[in-house]
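Below are two complexes that have subunit A in common, paired first with subunit B and then with subunit C.
Entry: the complex of A and B
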């Protein structure tokens, strides 16, 4: 595949594709970003950020699980099977969330800030959906995401004059909605993330 | 035959796994209980979607219902119907007495950073509002960490959801 997937306009989360496709893309984004955020656990620049990134990771993975549950009901499968039993090429997350940014704090915060902005637009659109299940879950997710957005805003205000941060924003901005091919380091994440399920079929948590 | 009131009483004895002084009924996560033909249907609304205590709460509810001689059917409701506003007045007082500042009321707009950074939050130990935000996040997703300038005590503030 040499061509890049076309970027969907940001206000068409649920139009133009199936409900399953749309929800899986969001769930995969949240799962993989949650994983990446958890890579700061224990090594963030200071303790408060260890706590913050771990908590944000936990929330994002919780959102992924709830979204997978909606999809799982439709496909007669389970959230765990969707999260851990697919092949790498079946994940629909954006290359943006796949990037391994540890130990670069400037780029981590730039991604956090850009993601929370894009995610807010997407959640608000889901909240306005005619599908009551989607709208209800999106409203719940939005209540939790409000705290991620405040955390991102706080760091954006703190770093916005720093050249490394400004450069990181410019570098990452065009990648926010880029879907299609995975970045090379996604393979390693997938290997780690699915290792338990691959070694013990049907392992549960 | 088990009654709804018996089920509510049994559920009220289950402590929140992460904040044991308050029960899951105090926490407001049990939205409805109904009994039909020996099956107890419970509508359970999660606090935070990623909270690891959810499975523990769900399993403990099922266990208590079995102890009453009924079959449990715990339905997890994935919508916005749980809010920290559903914590009972008794639950709020138990939180405060355990050193957790109870959550501020929910607002339509959602919280803003400037509010969290304001001095509107009361220390659960001395009652002073001279408190500052230390971290939006805390030991569990539902709490922030604040510091009281008056009694010089850090404390956990329940987030508003």
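Entry: the complex of A and C
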């Protein structure tokens, strides 16, 4: 752990930082994890899981958009600008969600399971917020996340005796709340994700 | 394991075969059925059953040509329309 890390740990989502900072950290996590999970589209272990996992990825990106919109209202900007027009160093996602795990399904499921656990704590905390907008959105997100948690739990139970999966859980567990430094492969993700907006300013689709 | 999935489009309507999903157990089957056939608001309810649970009948013996059992040559649509017109209850769409 670096001593100068200024970011509050994610289990104190709304305390000790601004509303914008807190919401952006979650939105960035959801966007980047959604992106990473979508890298399985077309190549997941079997067709049904391909559809299911892609659907989860889409949901995560939908959550990111809703959270960006809340922030955008406060900053008089747009969700797209927040999602695509920032520099790599301005993203607040954890290194955990940035890792490119394709084609390792065991590590992908380990991350999915660990993320859903951590995300549940965070979302529940937001649901209890005094800020009615945040609490309302968190409740909506939680209703979808409940299905993601079921999916993660189902896979966790199926793989929990597999050495590769156990190893993956051990490897990834300590990284869940690590924020600050981006992993090297984040740059490539950012390049790809922001390519359209950088080539045509303000592009919408 | 293959599961056959049936979907109901609106409440009160009969369930119709939607397709099948492959899943290792009921829990996965529920998830995959939901994702394949329920996430776009196209269904209000789904049934999913292991394919082995479905019994099939595909032979209908009619050695004596009892065509009075059959409905062919008896188009109801036109007759119904005429009857409705006579009764003055024809619904205009």
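Keep in mind that, in the parts below, the second predicted complex is superposed on the first by the 195 of 205 C-alpha atoms of A that agree within 3 Å, B and C clash if a C-alpha of one lies under 4 Å from a C-alpha of the other, contacts with A are read in each partner's own complex, and residues count from 1 in each chain.
We take it that contacts are C-beta pairs under 8 Å (C-beta built on N, C-alpha and C of every residue); 3 or more make two chains touch, one makes a residue touch a chain.
From a predicted model like this one, the values you see are computed outputs, not experimental measurements.
Taken together through their common subunit A, the two structures put subunit B and subunit C in a clash. Touch criterion met: A:46 reaches subunit C, while subunit B stays clear of it.
When both complexes are overlaid on chain A, the residue A:158 reaches subunit C alone and has no touch with subunit B. When both complexes are overlaid on chain A, the residue A:65 reaches subunit B alone and has no touch with subunit C. Considering which of subunit B and subunit C touches more of subunit A, the answer is B.
By the touch criterion stated above, A:143 is placed in contact with subunit B alone, subunit C being left untouched.
By the document's definition of touching, both partners, subunit B and subunit C, reach A:55. Residues 48, 51-52, 55, 147, 150-151, 154 of subunit A are contacted both by subunit B in one complex and by subunit C in the other.
Of all the residues in subunit B, the ones that touch subunit A in their complex are 48-52, 78-83, 110-113, 116, 134-141, 145, 159, 161. The part of subunit A that touches subunit B in the complex is made up of residues 48, 51-52, 54-56, 58-63, 65-66, 69-70, 133, 136-137, 139-144, 146-147, 150-151, 153-154. Partner subunit C is touched in their complex by these residues of subunit A: 46-49, 51-52, 55, 147, 150-151, 154, 158.
Residues of subunit C that touch subunit A in their complex: 21-24, 27-28, 31-32, 34-36, 39.
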